[in-house]
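Both complexes shown next keep subunit A, but they swap its partner, so subunit B is in the first and subunit C is in the second.
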Partner chain A sequence: MGKYLLRRLNLFVATSLVLAGVLFYTTGLFPVDRITALSGIVSPSPAQVEQVTELYALNKNTPLQFSAFLQQRLSGDLGISITSQQSVSQELMARLPATLELANVAALLALVFGVPIGILASLTQHRLTQHAIMAMTLTGYSIPVFWLGLTLSLWFGVHLGWLPISGQINLLYEIEPVTGFILFDTWVSDSEYRMAAFLDALQHMILPSITLAVLPFTVVVRITRSAMLNIMNQTFIRAAEARGLSTAKIVLRHALPNALIPVLKHLGIMLGPFASYSIIVEVIFSWPGVGSWLVSGIYQRDYTVIQGGILVVALLIMLSSILIEIVHTATNPISRKELYASN
Partner chain B sequence: MQLLDIRNLTIELDTPQGKVKALDRVSLTIQDGEIHGLVGESGSGRSLLARAILGIPGSNWTIKADRMMLNGRNLLEMNSQERRSIMGSEMAMIFQDPSSSLDPVISVGSQLIEAMPASTGFWWSRGKKRKRAAEKWLHKVGIKDHKKIMASFPWELSEGECQKVMIAMAVANSPKLLIADEPTASMETSTQAQIFRLLSQLNQLHGVSILLISHELETVSQWCERLTVLYAGQVMEAGPTQQLIAKPFHPYTKALLGHIPDYTETTQQKSILPTLPGSAPALQHLPIGCRLGPRCPEAKKTCVKQPILCRKKGRHFACHFPYTNETCHDSTIA
Partner chain C sequence: MSQFSIRLLCFTFGLLLIACGQQKVPSGLVYCSEGNPETFNPQLVTSGTTIDATSHQIYSRLVDYDAQTGQIVPALASDWQMAADGLSYRFNLRSDVRFHHSPHFIPTRVFNADDVLFSFNRVIQENHPYHFVSRTGYPFFQSIGLDKLVRQIEKVNDYQVIFHLNHADASFLANLATDFAIIQSQEYANQLWKQKTPERIDSDAIGTGPYQLAKYVKNDHIRYRRHEFYWGPAPKTDVLVFDITPRSSRRLAKLITGDCDVSALPKAGELPVINEHAELRLEQQAGLNVAYWAFNTQKPPLDDVRVRRALSHAVDRQNILRAVYQDTAVEATGILPPASWAYQPNDSLSDYNPAKAEALLKEAGIKDLAIDLWAMPVARTYNPNALKTAELIQADLANIGVHVNIVSYDWSVFTQKLNQSDYDSVLIGWNADNSDPDNFFTPTLSCDSVISGSNRSKWCHPDFDQILRLATATMDRSERTELYQQAEAILAEDVPLISLAHAKRLALKRTDVTETRVTPFGGISFADLKPMKVLR
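And now, the complex of A and B:
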């Protein structure tokens, strides 16, 4: 297992290096002075020019420039934003929790509703239920996410006026950011309108998280269903029946752990599309996360923000896909069978 | 006393080509405490019969029977929940591919503990008791290193070890009837012998009746007191093993016995082994009447009518032209 973890870490480092290389190359292609593209200082004074040239080794050859670039980025210096002249890494840290919160809530929704419905679809003998679930997932799978977001906000936000359609929380509430996760912050804050703020944050969460959850939800339902159908025909399920175990026990204890393995694997594959959908959703619902920040950076030709956003989003996807793979291996004894056979 | 009594069990399968009678009026009786052999080629419906007895039918099966009694209780009148409660406690089954009969993602130990009977006593000591019961049963089925086996996953064990674990799980609830569906398929000879010895020990020490399903007439005849010979879903002949081997009444049984290769004499190289002409019919193209008909050396015109199962001195046979002078007058519509 130690060897395996080391190999995964190696994979992470190698992919990050490639990512850094691509970023370094594209920075040179921006239609702006190289010093501005790297540091974000728009009209640098001679002293600043000298300092940046020194830091990024701009008067040396390309490999040395790359290593200097890498050094700067690794030390957490992403330059300053061209538009706001604030440190990019600080802006990023302020916005990252919102993105993570939205993504986690959506993933949780997809799993909590997707897995039971997938099991239901596989176990029911009732034709109508089966077809209804499959039709529902197919519809959800083929709806474009931007259209879904706009329609939901039009209906529930504008026409019916039930739910707020933009932002994380009503501006009335002043909540001290502790972690940046708004649900957590409102819950632990000690103001007298704590509960009201929490409920308000929850209401703001509903529409974006549902919009984002639809696609992974349909995928989870379909994968769970096909995995369960496959597993319920295996010999060990029949053997468990022959031992007189109840159906509930067979499903929960023997079929489900086996069926969740492919679900986990597909979640790992889904991460890329999921990230791009989350950017779209953040823009639609003005969610103050990395996605909308990145998009506004693109509109404003804020080159340092674009670099920082891409770096963080890509690193997050890589890290979580590797994490999912490690969890997959750790929780799934069968995949260890392959390790055990190869070593 | 009869433990299991089945009369005229018919299983119809719903296939795209229409309904197919995979088992045609099969009768089977198992006495209390005997090892009963069920012999037949693959595809003759042995596993279907086993699953129908146990009560785990496929989704496209239609099961009809005149009588299905287990230990004086009518299996036909029970609903699925009552059937499930009988499984494991009154009858248990072991399957032909033991390593895939165990859940691959849970350790063998926890599956074994799950199969142990619910123990009595204080709740805090129950888990320990069940674990101890599991270890005890592992020792009984001939596994010494119980710690290693219980900590491993099914795919880390050999087929023989898995089958021993399956047997331990099956007999832990002390069932009356154990259905062993080809328990030694894909095992080497020494392990096969171990498993058979284990089964016969269980039969003698714990009084478990065993329905042993196999295609190897030689091995089955060593361990079983009585045999039932099945061909293409019909019972050909049944009776005490000794008599059946010594003097088969049915052409099919005789052919089977004649086909056992004789290793004592030197057979000529590349000489053709004796077999019945033709091959076993596919389920979609079953002949009418006696299904052995087209391949039978004794077949005549009457064979297009299905012979009734005839009962003579503890032996049963279904043939119009048996190798016996005793004709069958009493037609116990069998």
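And now, the complex of A and C:
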């Protein structure tokens, strides 16, 4: 197992290096001065020029420059934003929790609703239910997320006026950011409007999280269904049936754990599209996360913000997909066997 | 089992939705504003976004305008006298005005003459330690030449100051009442100077206004809290929030869903939506502003007056009014809007006549003319959609064989490049800062304003300047009106710019907010506004 983890870590480091290499190469391609592209200082004084040249080893050869670049970025120095002149890493840290919160709530929604519906679709003998569920997931899968987001906000926000459609919370609530996770922060805040603020934050969460959850939800339903169909035909299930176990017990104890393994694997594959969907959703609902920050950075030609955003989003995707793979391997007896079999 | 869990989930989720029905919100007001302020000191800018966010919320002035009557009324100065020769103004100051407290600054004294001296000397004296703390200069004061006008500011005692002028100026008091002429704290400035962080005076603002700055998150929001010791009538709400929302459609959506109470600068095309929503109301007032198309008169071929005249005949203003403003504006006949007291209807301005335009171009010997037209990317009060205006002009000029190339950048980049670059022409405008007619001429078309950069035509006309000087040297309104009409005639003759329209000032608000003040000029003020809702 230790050897396997080491290999995964190795993979993570190697991919990160390639990513850093690409970013390093692009800093030279931005239509601004190299010093500005690296540090974000717009019109640097001679002292600043010297300092930045020193930090990024700009007067040395390319490999040394790359290693200096890596050192800076690894120490958390992403430069300062060209438009706001504030530290990119600080801005990023302020925005990351909002993104993670939205993504987690959406993933949770997808799993909590997707797995039971998938099981239902596989078990039911009722053809209408089967077809309805399949039609629903296929529709959900084919709807473009930007259209869905706009339609939901038009209908529930503008026409019906039920739900707020932008931001994390009504700005009148003054919530001290402790963790940056708005639901948590409002819950633990000591304001007299604590409960109201929490519910308001929850309301703001509904539309964006549903919009973001639709795609993973449909995938979870379909994968769960096909995996369940497959497993329910296996001999060990028939044996369990023969032993007289109740359907519930068969499904929950014997079939579901096996069916969830491919679901997990597909979740890992979906991380990339999920991240780009989350950027679109953040922009549509003015969600103050990394995605909307990155997009506004692109509009304002804020090269340090673009680099920082790409670096962090890509690292997050890589890290979580490797984590998912590790969990997948650890829980899956078949691939666990592979662990010990060769090299 | 699985059905049961689904039911359970639906039930809990439904419960949550029901729980969201009614809730208490803190007393406060949310204003959807259109952009980030560049700074928190209005002395340093002319941009309306910054003025809105600072001038009437954080600061006070020596004298103010009454929004209804347009008369100058006392503010930090309780009364004033002008000397008979018009060369000095004596102000008696209030003695009960307190500055904001903040975590960085606790005022030990009330407002007095030292603060007035600091605030104005900073602007007019180049050797003042704080003069160059501002990197952008003081564009409004430079364009009206305040440094040349004011000889000295004398402190008589703690609560009396005298402004000594070099020459009489009828617009002097009006200029002191503009949004730019705010009062900062000298004590705060001294403290920051000792801490070697003087630039914080313009970002961590301390003033005497009804609200004090609590928090600014760029691209997101500005939060203000009520100033407990405000010298005027106490502001009606505890909290004021500016929700920074650059997109107009999103501001409208936030207004409908109740995330905002008041919203800035609606687009004309969005106005029909208001009729569908009973809870929204549109406030409008004839504005003191003008949208114009300025020519760079220093660059050939636009330095030739015949070319400029030709272009002025080629533009169909009525069409622009219809398509861009959709009846929220009146056609301009000169640079002064009908709401100004010096306005007189005036038909000397060129009519729409493409044939005449072509003839004039032929006379000037110009063929295959191609010009750049810079258009703002954002909505301003005076022009809600400059890009669309530019496209209409492009089509009009194509009729007379002139090729127009539209240039646009993001707003901050746009203003920056405009100040540096050698453009041909630009679609821009002017929003008056006070009700004095001089405000339409001196800051935008005088020779001084060529240097400060607010003269977008780069046009310097000695006779014109002379008329403006004469007009401010007298106090007689009919005489001044006469002079401003002469100035208008020179503009119509020399065409440094083509006035397009005077837009109405619009603000959208929810009906549960009490009466707002949409003033015909200057920045927005929230001190009197009160949302009535407690339950939503």
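Keep in mind that, in the parts below, the second predicted complex is superposed on the first by the 342 of 343 C-alpha atoms of A that agree within 3 Å, B and C clash if a C-alpha of one lies under 4 Å from a C-alpha of the other, contacts with A are read in each partner's own complex, and residues count from 1 in each chain.
Everything below uses one rule, namely that contacts are C-beta pairs under 8 Å (C-beta built on N, C-alpha and C of every residue); 3 or more make two chains touch, one makes a residue touch a chain.
Keep in mind that what you see is a predicted model, and the values were worked out from it rather than measured.
Clash-free side-by-side placement of subunit B and subunit C is the outcome of superposition onto subunit A.
Residue contacts after overlaying the shared chain place A:165 against subunit C, while subunit B stays out of touching range. By the touch criterion defined above, A:288 lies against subunit C but remains apart from subunit B after alignment on the C-alpha atoms of chain A. By the touch criterion stated above, A:35 is placed in contact with neither subunit B nor subunit C. Contacts of A:119 after superposition: subunit C is touched, whereas subunit B is not reached.
Of the two partners subunit B and subunit C, more subunit A residues are in touch with C. The overlay of the two complexes leaves subunit B and subunit C separated by a minimum Cα distance of 16 Å.
Taken together, the subunit C residues at the contact with subunit A in this complex read 1-3, 5-6, 9, 16, 19-20, 23-26, 28, 30, 218-221, 223, 239, 241, 243, 245, 250, 253-254, 256-259, 410, 412-413.
Subunit A meets subunit B in the complex at residues 234-236, 238-246, 253-254, 257-258, 261, 332-334, 337, 340. Subunit B makes touch with subunit A in their complex at residues 51, 54, 56, 84-89, 92-93, 95, 97, 100-107, 114-115, 153, 155-156, 166, 169-170, 173.
Listing the residues of subunit A that touch subunit C in their complex gives 83-84, 86, 112-113, 116-117, 119-120, 123, 153, 157-158, 161, 163-167, 170-174, 193, 195-196, 199-200, 202-203, 248, 251-252, 286, 288, 296, 299-301.
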